[in-house]
Every structure is written in C-alpha cells, then in structure tokens.
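Mind having a look at this structure? Questions to follow.
Each chain gets a letter, A, B, C and D, in the order it is written, and its residues are counted from 1.
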Amino acid sequence: MNQYGMLSQLLDVVMALLLAPLLTGWLNQWRALLQNRSAPDLIQPYKVLHKLFFKESVIADHASPLFRMVPYLVFGCMTLASAIIPMLSTDLPLAPAADAIALVGLFAIARTFISLAAMDIGTAFGSLGARREMLIGFLAEPALLTVLFTSSLITRSTSLTSMVTSMSHNSFAIYPSLAFAGIAFVMVSLAENARIPVDNPATHLELTMIHEALILEYSGRHLALMEWAASLKLFAYSCIGLAIFFPWGVSTSASPLALMMALPVLVVKLAIGGALVAVIETLSAKMRIFRVPEFLATAFMLAVMGMLVHFLLGA
Amino acid sequence: MLVVLTVWLAIGTFGVLALHRFALVAKVFFPMGAAASLVLCVAAASAMGGAAEVAELPFGLPGLNFHLRLDSLSALFLMVLGGVTTGVSLFAAGYFRKGEGTPPGLLCLQYHLFLASMALVVLADDAYVFMVMWETMALSSFFLVTANHRIAEIRQAGYLYLLLAHVGAIAILLCFGVLQANSGDYTFNNMRAQHLSPFWASIAFLLALFGFGAKAGILPLHVWLPEAHPAAPSPVSALMSGVMLKTAVYGLLRVTFDLLSVQLWWWGVLLLSVGLLTALFGVVFSAVQVDMKRLLAYSSIENIGLIMVGMGLSLLFYAYHMSALAALALAAALYHVASHAAFKSLLFVCTGSVLHATGERNLGRLGGLIRYTPWVAWLSLIGALASAGLPPLGGFVSEWLLLQSFLFTPGLPNSFLNMLIPVVAAAIALIAALAGYTMVKFFGVIFLGRPREEKLAQAHDAGTLEKIGMLWLVAISILLGLMPSQILKAISPVIKQLSLFDLSPSIAANAWWLLAPISVARASYGPVIFLLGVAASCTLAYILVRLFYHGRLRRSAPWDCGYPLQNARMQDTAEGFGQPIRQIFEPFFRMERELPSPFDAQPRYRVLVEDPLWYWLYLPIARWVERISQWVGMLQKGRIAVYLLYSFLTLVALLLMAKQ
Amino acid sequence: MPNLVGQLINLLASILLILSFAMLSQRRILSLIRLFTFQGVTLVAATILLGYSTNQPHLYYSAALTQVLKVMVIPTLLHRLINHLNVRWDTETLINIPTTMMIGIILVIFSFNLAAPISSLSTSIARSTLGIALACVLLSFMMMITRAKAVPQVIGFLSMENGLFFSATAAVYGMPMVVELGIALDVLMGILILGVFMFQIRERFDSLDISHLEKLKED
Amino acid sequence: MNWLLLMLIIPFAGAGVLALYGGRERAPEVNSAFSFATFIAAAMLTSKVIADGPLYALERQFFIDPLNVFLVTLTAFVAWTTSLFSGPYMRIESDHGKMTPRRMRLYHSMYQLFTCAMLLALTTNNMGLLWVAMEGATLATVLLVSIYRTAASLEAAWKYFILCGVGIAQALFGTILLYLAADRVIGAGTGALLWTNLEQVKTHMEPTILSLAFVFLLVGYGTKVGLVPLHNWLPDAHAEGPTPISAVLSGLLLNVALYAVLRCKVLVDGALQNHMAGNMMIGFGLLSVLIAAFFLSRQKDVKRMFAYSSIEHMGLITFAFGIGGPIANFAGLLHMTVHSLIKSAIFFAVGHAVQKAGTQTMSRITGLLSISPTVGWGLMLGSLAILGMPPFGVFASEFLILTTAMRELPWATPLLLLALGVAFAAVFQRVQPMVFGETTAKPLQHPPALIPVFMHLGLGLMLGLYIPPYLVAWYQQAARMIGG
C-alpha cells in the first residue's frame, strides 16, 4: 500500500458516487430515445437528488428508528461495494476486506435492510414489496454467486482484484463457461436493479411494483439516499460485469497515469453497457410477478451450467 | 473442569432441596450456574492446543472406570457449551416464572444435570461414559421439554423426542460395539488402536451417522426437532438447539475422524448429500412456518445440514489425502458450530422474551414489537442477521469458509465428484439466500409493522438478567463475526488434530484483521474493515447531509394508497410471506388449503403445511408396527389347549433339533 | 431269571402305553379315573418287580408311596370331586378321536426313535422301556391339549406324572429318596390345590368347561 | 450359627405362624418382620461368603457359590421390601373388600412359603431338590394369584397352574435324564444329583442324553422364565394377582427359573462341547424380545404391559447367556439383578397408581404427578430405567449385551434394535400420559409405602454407575463358570 493506492481507492469511490446518477440518466436517455420519447436531461438524476435532499423528510407516525437508519445503511453498503470493485485499478487497499462472496453478502445486507424498513411501517404495500424483493433476492443471490464462482474457478481466486488481474493478463482465451455466466449475470442484474422485464422503475402500479413499493414511505433526504444507493447499485453491477467479462483496460497499478488511462476506457464501456441495457429493456415486456421466479431460476440454471461447462471442457 | 461439573451438580441438588423456593433458585442458583459456565469456557480455552489431559473417575463398569479426556476437540465444544450457557443461564434466571409445571427446584436440577451431561459427553473417553451421559442428556432435556406437561402437544413432542433419541442412542451403542472389535475394551484409546476392515468401518460409520443424525436432526430423522423446540421453555430450546445438537456433531467428528482408522471417500459424499438435503429441506420449511419457534427449529435443521456439508466435504478431502482442503472445510464446519450455537440460542431466548411479553408464538398475532420491547428487538436483529449469514456477523464467516473450500477444489481424482461439488456450492448459495428470506420474515413479522393484536401494546421488555444474558450472546455473535482469524487461529489445534493439517501458519501470515486461509491473492475477508467501511460511509453520509442540507423531519400517517380502511390485520401475514416459497417448492410440502370463494359471506383462508416425510416414512412404520402387533396378538387367544400346543410343538421341535 | 423279569417289565410297560392310548380315546370321566387307577397299579407292579430283581429296597418304598398316592388317595379324591361337582358326563374332545389316535401313533414312533440311543446307554434292565415312558409323557401331553374340560385335563396331567415316574424307575431305578419324597409331596399338594381350585371354578362359572376360561386374552 | 439353614428356616417358620395368625390386624408387620429376619440371615450369609468364599452345608446338599450368592441376597432383599410395600397395599385392598381375614392368612403364609421355596431352589446343590423347590414355588404362587377369587384371577391361576405344571413336568423328565447320565459316571445315589459333583464330571457325561435332557429342562424351566412361546401364563398371572405378587413373580421367580436353566446349561455345555445350548437360548431369547416388544405395543392393562416387559427382559438375558463369553454372561447376571430391582419397583408404583385410579386400564389413569409426585416419579423413572435409559443399571447390561452382540451375532442386532425401539415406543407412549397431565385419581386412606420404590431405583442407579467390587468378583466368577 502506498499513497497512490490510497489515491486510487479514493478515486474509485468518489468516481462511483459521482458517476452513478449519470449512468442512470444515460440509461433513461437511451430508453426514451429507443421508445421515441423526448428524453429527460442527462443530469436529471442529479437535479432530483438535490431537490429531494432539500425537501423536508416525512415519515410515518409509528416508524421505528430502524426506518430512519436504513437509508444511511444502504447508502453505506453501496459505497463500500463500489470501493471494493476494481473499476479503474486493481490496486485497491480496501479490496482484501471483501472478496466476491463478501460483496454478494454486502448486497444482501442492503436488501435485507430495505425489506425490513419496508415492513416497519406496516402497510400492505410495504410488506408486499418486502416479500417480492426478498423473493427476487433469494433467487438472484445464488445465481450471482454462481456466476462469480465460475470466474473464480477460472482464475482460481475469489478476490475481485485478483480475478480482474488474471483475466486481463491471461492471454486472450475464449471461455464458453463465461458465456453462460455472462447471460446469467445480465439476467440477474436486470432483476436486482429493478429493470424491465422484472420490475419497472418508472411506475407505481400496486400489482407489479417491487422496488418502488419498498421505498414508498420514504421522502426527502431519505428517499434521496435510497435513490442514490439504487443508482450506485446499478453502477456497481455494471462495473462487476465489466470487470469480469471485459476486464481489459483496468489498470493494475495505482500510478496516476494508469488511472487517467483507465477512466476513459471505463466510461466508454459503461456507456455501451448502459445503452445495451436500455435496448434489452425496450425489447422485452414486463413479466407477471409469478413468472419472475422462473426467469431467475433460468438465470441460476445458466450459471450452474456455466460452472459445469467449465469442468467439462476445462475452460 | 471437574470442579465446574461438580458445582453444577451441587446446584442441581440444592435446587431439589429448595424445591419450591422460587426466588432462591432463580436469583441465586441460576446465576451461579452461569458463573460456573464462564469458568468452564475459560478453562476449556486454556486447555485448547495443549496436551490431552486424562482423568479417571471411580465409577462405571468393572474394569472400565469413567475415562475422561480433554483434548482440543473436546475443549472446543466445551468452549461453545460454556460460552452459550453463560448467557442462557443468566437469561433463564430471569425467565422461569412461578407456578408453571415442574417446581423450580426440580427444574434447576434437570437444567444443571443437562449442562453437566453435555459437558461429560464431550469429555468422555470411553464408550460407556459417553453413552451414559448421552442418554442422561436426552433424559434431562426430555424432562425440561415436558416441564409443562399438562399440555397434550408438549407431551407428544417430548415422547417423539425421547423415542428418536433412544433409537439413535441404540445405534450409537451398536456403533461402539463395532468399534471395540470384540476386544471387550471400551476405551476410546483401544478403539483408536483397532484396525477395522473397510466393511466394518463402514458399518460403524453408518450406525454413527444414524445415531448422531437422529440427535442432530438430519433428514429424515429430524421430525422431533420442530415438535420439541416449540414445546420446551425457551432457554431449554436455546440450549437444545445451540448446544445439544452440537454434541451430535461432536460425536460424529469423534467417531469418523478420531476413532475410526479408515475413512472412505463415499462416506464424505453421503454426508455431503445428506447434509445438503437436510439444509435445503430445513430452510424451505423454515420459510413457510407460522410459529416462531418452529421456524427457528427448522432453521436449526438447516444449519445442522450446513455443518454436515462441511464435515462431508472435509471427509471427502481427507479420504483423498488432501489435508489442507480437509482442514479448510473442517474449519468451516467448526466455525459454523460455534456461530450457530451463539446466534440460534440468542434467537431462541429472544422468542422466550417475546413469549413472556405477549403469550403468543404465532407469527400471525405478533407484530410491531420493536416499539414496545426495543431491547429484545434490537438484540434479536443481530441474531437474525447472523442467522441470515450476513457479513460482518458470525454466520457469514462460516458460510464464507465453506464456499471457499468448495471453490478451492482442485481436481479430485473422481471426475463425477468434480462435477458434483460446484453444484453443491451453488445449492449452498441458494440455501444461504433462503435463510436470509426466512430471517427477514422472522424479524419483520414479529418486531416490525403494526401490532396485529390489541394486547401487544401491553408487551413489556425483558428483565435485567434476561437482557444481560442476551447481550452476552450478542457479544459472542459479534465477536465471532469480527475476529475470524483470531478465532480460527485459536481453534486450529482442533483442526490439526482431526485433519492433520495446521492452518495457523497461513492465517498468522496475514494482518490480524484479515482472514485469508490460503493467501490474500486467492481469497480474503476482513470483517473489521468491512464494518468500519460501512459505518464510516454511513456516518459520513449522515454528517454531509446535515452539513449541506438539513435534518428536518415531520411525522404523519403513512400513505394509504387512497384506501382509508386499511388496518393492522391487512399487513402481510407469515403465511403470506411464505407464499412464494410454498409456490416454488411445492413438491416439498404436503399442503392442505382452504381457499375462500368470491361468494363467501365470511371468507376464510387457511393453509396447513406439513412435513411429507411424516406421511411417507413415520406413519407407515407406525402402521406396520400396529399390523405386526395385531398378528402377534393372534398368538394369545386365551385358549389353554392352544397354549399347551405351543409348548408341545416347541418341545418336539427342539427335540428334533437336539437329535441332529 | 433277569430275562424273564425284563420281559415282564416290558409287558407292564406295554400295558402302560395301551392304557395311555385308552385314556386318549376315552370320553367318560369315570372311565378315565378308572384307567388312571390301572396305570397306578401297573406302575406299582413294575416298581416292585424291578426292586425285587435288582434288590434295591428303596424301590419298595417308592412303590408303596405310589400305591398310597396314585392308586388310593388320588383316585378317591377324584371320585369325590366329580361326585361333588356332578360332572360324570361325557366329555367332548377338541379334535376327533381317530385323528388323535393317528397323531398318538406318530408320537410313539417319535419317542421310540428319540429314546433308542439313550436306552442303549442305560445299564438298567428296564432300559428299553424308556421310549415307552417318553411316549406316555407325550401322549398325556396330547391328551391335555385335546380335552375341553378341567377334570380330564387334570387327569392328563396326573397321567403325565405317572409316565415320568415310570421313566425314572425304568431308566435309573428311581430317583434318590429325598427327591422322590419331595416329588410326591408336590404332587399331593398339587392335587389338593387343584381340587380346591375346581370348586372355585365351578362356583364362579357354574361349569368346569375350560372354554369359559378364555376371557384373558389379547383382543 | 449356620446362617444358610437359618435363612431357610425363618420363612418356613413364618409360613407356619402366619398360617395361624395371618389374619390379624398386625399381620402385615409380622410378615415384614419375618422377611426382614430372612434378609438379615441372607445378609449375614453374604458377608460370610465375602469373608470366607463359597461354602457348603448339610453334607454338600446346600451350597453358596458366586452364581447364587447375589441371587440369594437379592431374593431376600426384594422379598423384604415387597413385604414392606405389601402391608399398606393389602390393607387398602381389605378396605376395598377384596381381602378377608382368611384370605389374608393364606396370603401371608403363602408369601413366606414362596420366599422359602425360592431360597431353597437357589441354595440347593441337588438338581432334584431344585425341581421340587421350583414346583413348590409354583404351587404357592398359584394360590397367591387366585387369592381374589374373581373370575379373571381364577382363570389366570388355572392357566398358570396347568401350563407351569406341564412345563415343570418336562423339567422333571430332563432331571431324570440328567440323573441317568450321571448314573453312568458317578454311580447311583444322592451324589449323582449334586450339581457340584456333576460339574466336576461334566465332560465325561454322555452327550446324547444330555442334549435331550437339556431340551426338556429348557422347555420346563423356560416355561417359568416366560420364554416365548411358553410364556402365555405370565401376563395373565401378573395382571390378575395382587400387585406385591406380580412384583415378586417378575422380580424373583423368573430369575430363579433362569438360574435353574443356567445351572443346566453349564453341565450341558461341558458334556456337549458345542454351542447347542447357547444357540437354543439365543433363539428363545431373540424370539422373546421380539414378540414381547410387539405385544407391548398393544397393551391396555398396566400390569399386563409390565408383565410383557418382563418377558422381553428375560428374553434379553437369555439371549445374553446364549451368546456366552465373559462379557455377555456378566451382562446377563447384572441384568438379572437390575431387572428384578427395577421391575419390582415399577410394580410397587403401579400398585399404588392402580389403587388411586381404581382401574388397571392405562387410558383411565392420568396425571399421577399432580396427585402424588412420588408415585408419579417412581413410575416414570422406573419405566425409563427398565427401558434402558442410563444411568440406571439396565442400561449398563444392555450396553454390554448389544456391543457384544454386534460383533458376535451381527445379524441379530437389527432385530434387537427393532425390538428395543418398539418396546420403548410402546411403553413410554403409555406411561407418559399416566404420569403427566391432568389427574383423575383420588388420594388413598393409608399412606403408600414408597420407600421401597426409591430404594430399588437407587440401587438400580448405583449399579449403573458403580458396582461394588465383591459383586463384580462374583459376577466374573459366575460368568466364567457359565462359560459359553
């Protein structure tokens, strides 16, 4: 560890915090574009956050301290997640604190607390959302883990930085197992980040909403933190996907020059990724909530298949 | 060590003498027992890693005194026992109330006898004392379970429990019969020296698996667990789930790794698959329960399954002489033993407090307790998080280690196994996630939301002693979560003793806050940093928000979606929360459903989820026994001529036999 | 001379066997008692004969004991019993007589077969009768199985005792005197108790049909 | 003073005295006094044996060796404690009108006679006298079983009499054959029936005769032991007789009969030099354990159930002796001791429970714990002990038997596992609601004598944890003697 390491770590976090809403905005722009709508501003998410932070926070009469605590906690979790995912550089002093499994655990904490907070108010919608969120979670989490397992079996490490390092520095090889894992990962990411076809981030329709039902009771700064955390999550997922499947361009040292090189590469990759997500969202239809388990089970199966393929073909 | 046991027994005896003096028993004896537990825990910790201490007591069979031996493995389980019972005894001191079932003094005797027998099971160094203590443990816990014997269900639960415990015990006994190899010497030392053929070794292993499995609650011998745990008083459930199940784990470890000189790879596969099935079954059932203690009982089944998976994996590696991996898997299993002991007993004592506060076990009638019993709620939140396997608590560490040991599988010599193991890893991930689901349900439905019943508003928080007990258990859970490398280093003598591989150098190679059993490049986990990271970002976010914006807050009624008639009963129920699981895992269950029709004046919805194994396995066995005893009954129809005929035929048959 | 005695004893043994068969087939209680008395007489004769030929005085005591007990006391007791109880009537057997006889013959063959190797080892001049004694025991056993009333069952029991006595006498010239006395005492006690018993049974059930005694069973 | 003869004379004299005065008000105490005197004599005898080793009396007609010394003490002890229990118990029965002074006289007298017969059977060296004593014990108990003069008790006594009478007749035939075999080696006379003499020449005796003799002896004495399928008298007699008698039948008489079988087995094993006797006993034992277990699971009457439990345990002991060898024999002897202690304790508890509830039907006896914790705990602990729960002694012997069987007769262990499991399920399922739950029973007029229950349970507990060294020595010597 050196001061460059600290620098790269700091840069990693700050960049994630700053760029995350931008990614959301970029995605919304693309969606609007694909759907022939006029798009909101690219920096619209920042405006929304600012507005929400400024507003007074209203909470239910009988909300417990847990309810007020959760937004900060979720935000904290997502921040830590972005700190340990190698976005620009693999030289991250914090990275040893959590490997891929712990990362999934981190997401699980956030999910658990959001669900608990939703149940705290005791309205029908809150607990409904909590149940659905946990349903998605318990199916998506193993699928995500399995995806990570596949790559960790290839790289013989569960540490994210080591994975990226060895992936990007191996001579270019085609891993059929990663193809399976990749599809599974995309499906899981869509589900986890409340995108179509699993959830629609843009509606408040009781029958279908999941994420929105969870944060229904939040307002003001709490809601802002939740929204920000959601963007961060999307950002983190995208970065994980990029780090595992397209690791090229991530710097392995923390020298400022390397970081400067890595940043544009990441932005480009994210831009392409965001656009692709928008395309998928536009092409697919929102599915019934009862179909979601099937969708996720498919993802899980694909991930397991990926792992099996790795063993069968040795690749 | 023996001093502590004597103290326990003495307390028990005093308890009987002070049969009905409640205050004395509760406020003096139980805290004294807790102090003894603490001493036990410390003594065991100091014995860890040292040379085995041997003692002989002048009891037992002729030529076979009670042999006791304290080695690292025993020390580990004694630490778990001492650590957990310190908290539970303190809790129990505040928990037991006057005038319920068994007189307090007797309860005190049974309780401390239970503790002492568990300790002696772990210390036993010959088959006889092991079996005696094993059954004493079953018996004393049976009496504790049936403390309130006026309720028929409790009696039924106790019956089922003791029956399975006894059948299991006979199997264990037979296992020792195999192990002693006809030498007539029942000491463990002799058993270690015997070289059994693979056939007999397998018989011994299977018997041990059956016997200890019946106590641990592996599939399909788990049926007593969800009955007995809810029936027992909560501190007892806590001990049974937290510690007693672990003695079964101990027994299986002792037999397979220590006493048997041969290990076959398929044992590992068997243990692995049984463990996996048990875990899956347990967690799925736990997710659909509506009784909070049953939910926890099924969750215990799940955790035992996970421990078995770890042991199975370790056994598999061990049989293939991959001792480093065997050590890792074993570390996972042992770590889970400790962390499960802590968080599950914590959760059980919490349900005890809830039960006292509300008199209600049914999740459908609870809710919103975080406002009335904040201590219980916040402390059980820690337990629930640990149980859900979330970082940075104890449950996560063991799951992490387990998954690591799966992922580090380098090609085993058996390609089939190579395929199998990653699939198991995926299944473990699924189980862990489902456990999270279950715990959200558990905590959310009990403590969050609005109270589903009027009377819940009168719920009172736990008393001082109860709080101290719970805090102690929480402290252990947190410690187990934050200090994995320290703790693993401390228990590495055990792992070395069993798997012949020392993990401590590779652990010690890293900073104290970092757990990296192989190397940092391969995998690492630093819970302290993890926690600090989250805490720092939370605090920072909080400060920054206050700094740049404001902290204004207004309270109002929650948004009702334009439907003002909503009330507390319309919250998601426990059944509702379990509905997706019921749907996805439908083949697992045996369900009876009563759905309302749109025309019902008073629509009712009812669902009853039952264990299909009960119908596939236990009831047929019961029917067969009944049928056979019908046939046997035909032998005795009261006619003396027929009886004489039996004698006559017997005589003739024996004469014919003797003539040859 | 020993040869003649041996033949005589064999003859008496055959008479015993025939008596056993007769009892097996006999329906009337009175005749049964009479046959039982004959059995006793035959036993006494055989014992005296053996005692005389082997010059063993204790066999005379034994014979006297038998005379008193089995020829005099027990038949008298039985007579009085059936008079009191008024059960002179025919008894029905549980299995019909021809079948019983068939089984009886098989039993005889079986016991001869069984006793043959032992008889050859015995030094007694009456050794060849051991098979007959065994057959008597088994036939009496058989009789107890097939009878449905209490009194014939008891007679079967006593006749079994006779068979045993005969075997003891024939094979080993009787048991030591202490034992012999003890056995006699027990038999006497037994018969007394039986008598008392039968009165009580009669009192309770108004009949000595043991089919009434089938209440205690697994149902 | 010759304690041995005194021990035999006291109960005999007691029988005489009580035959005359047994109907008086204080007769139960007198009965206990005689039993206590017997026990004292037995205890003195035992202490003498501990000090001096085996001894003979009356020209070797009586003897005490390691195989019978502990049985003698046990018998005298249980007979004494049972008489303590029987006092208040029979008083209550009289109050219920079930006993008249005449019947009391008969009861007390026969009780002493029965004790005497059993002690005689145990101490005699003469196989013929052994038979006589066994028959005497049978006759005495027949009268005791039928003492209530109810239809059921008469029927039970009748069956008992006929079945055991026929059985014991077989044993007599066996004894005659034994004498025949001995005659050829030792020569005629009383000496040829002395077990000690037979034991010395056992290897010279003719195997063909002895194998037949053993069959008759086994069937004969086995009927009294209650081995399936010769057991049919046992449940009836236990259920219908007075409870003190059930206690001594189960606790003592069965032991004595088994003791007789053992004596014979030693001789036969010596002559045959093969495992025939052992195999037969294994067969009987297994069959008894299995069948009795299934019988247990269909019982409604509490005393009947514990009678079947006795069959089961006798089967187990027979099985153990069948296996033979130092450990299994040791276990068998230990099991005999503990079973008789525990089973009689159970019958004591059951007796009072039945009196309290006014019925023997188990479904109508509930909640003993709430009306009388001592009876309840006595029954509960006793049942658990008899089911093989440690730390009671039954477990110790089952431990040894099962572990030995696992290697000697592995095929039998699944059957034993099944039988023990079924038995546990059956008995415990019935005992638990009797002890636990709400009560229907009423208090009694006389305070029940429960000291014997806990005395027995305490001894049973002690034997599970610690066996006195001289007892161990006896067991070991006896086990060696039984061989196998």
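Just so we're on the same page, a contact is a pair of C-beta atoms (placed from the backbone, for glycine too) under 8 Å apart; a residue touches a chain by one contact, two chains touch by 3 or more.
If you want to know which protein each chain is, UniProt gives these names: A = Formate hydrogenlyase subunit 4; C = Hydrogenase-4 component E; D = Hydrogenase-4 component F.
Model, not experiment: these values are computed from the prediction.
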Inset, instruction - Spell out the chains that contact subunit A while also contacting subunit C (Hydrogenase-4 component E). - result: B
Inset, instruction - Name the two chains that are joined by the greatest number of C-beta pairs in contact. - result: A-B
Inset, instruction - Just grab the chain with the largest centre-to-centre distance to subunit A, centres being mean Cα coordinates. - result: C
Inset, instruction - Between subunit B and subunit C (Hydrogenase-4 component E), tell me the centre distance in angstrom, where each centre is the average of that chain's C-alpha atoms. - result: 69
Inset, instruction - With chain centres taken as the means of their Cα atoms, state the distance from subunit A to subunit B in Å. - result: 35
Inset, instruction - Between subunit C (Hydrogenase-4 component E) and subunit D (Hydrogenase-4 component F), tell me the centre distance in angstrom, where each centre is the average of that chain's C-alpha atoms. - result: 31
Legend entry - Centre-to-centre distance between subunit D (Hydrogenase-4 component F) and subunit B (centres being mean Cα positions), rounded to whole Å: 43
Inset, instruction - Would you mind listing the residues of subunit C (Hydrogenase-4 component E) that make contact with two or more other chains? - result: 114, 141, 144, 153, 210, 213-216, 218
Inset, instruction - Specify, in ascending order, the residues of subunit B that touch 2 or more different other chains. - result: 632-633, 635-636, 640, 644, 647, 651, 655, 659
Legend entry - Interface hub residues of subunit A, defined as touching at least two other chains: none
Legend entry - Of subunit D (Hydrogenase-4 component F), residues touching subunit C (Hydrogenase-4 component E) in the complex: 126, 128-129, 131-132, 135-136, 139, 142-143, 146, 149-152, 154-159, 161-162, 165-166, 169, 172-173, 175-177, 179-180, 183-184, 188-190, 192-193, 206, 208-209, 212, 235-236, 239-240, 295, 298
Inset, instruction - Using the touch rule from the top, collect the residues of subunit D (Hydrogenase-4 component F) that touch subunit B in their complex. - result: 158-159, 162-163, 166-167, 170, 211-212, 214-216, 218-219, 223, 229-230, 232-233, 235, 276, 280, 291, 294-295, 297-298, 326-327, 330, 367, 369, 384, 387-391, 395-396, 398-400, 402-408, 410, 413, 417, 420-422, 424-425, 428-429, 432-433, 436-438, 464-467, 469, 472, 475-476
Legend entry - subunit B contact footprint on subunit A (complex, rising order): 53-54, 56-64, 66, 68, 72-73, 75-77, 79-80, 83, 94, 96-99, 101-102, 105-106, 108-109, 111-112, 115-116, 119-128, 130-132, 134-135, 137-139, 141-142, 145-146, 149, 152-153, 156-159, 162, 206, 216-217, 220-221, 225, 290, 293, 300, 303-304, 307-308, 310-312
Legend entry - Interfacial residue positions of subunit C (Hydrogenase-4 component E) with respect to subunit D (Hydrogenase-4 component F) in the complex: 114, 117-118, 121-123, 134, 137, 141, 144, 150, 153, 157, 160-161, 164, 167-168, 171-173, 175-179, 182-183, 185-186, 189-190, 193-194, 197, 200-201, 204-205, 210, 212-216, 218
Legend entry - subunit B residues touching subunit D (Hydrogenase-4 component F) - in the complex, by the definition given at the top: 58-62, 127-128, 131-136, 138-139, 146, 149-150, 152, 155, 158-159, 162-163, 166-167, 170-171, 173-174, 176-178, 180-182, 184, 186, 203, 625-626, 628-630, 632-633, 635-636, 640, 643-644, 646-647, 650-651, 654-655, 657-659
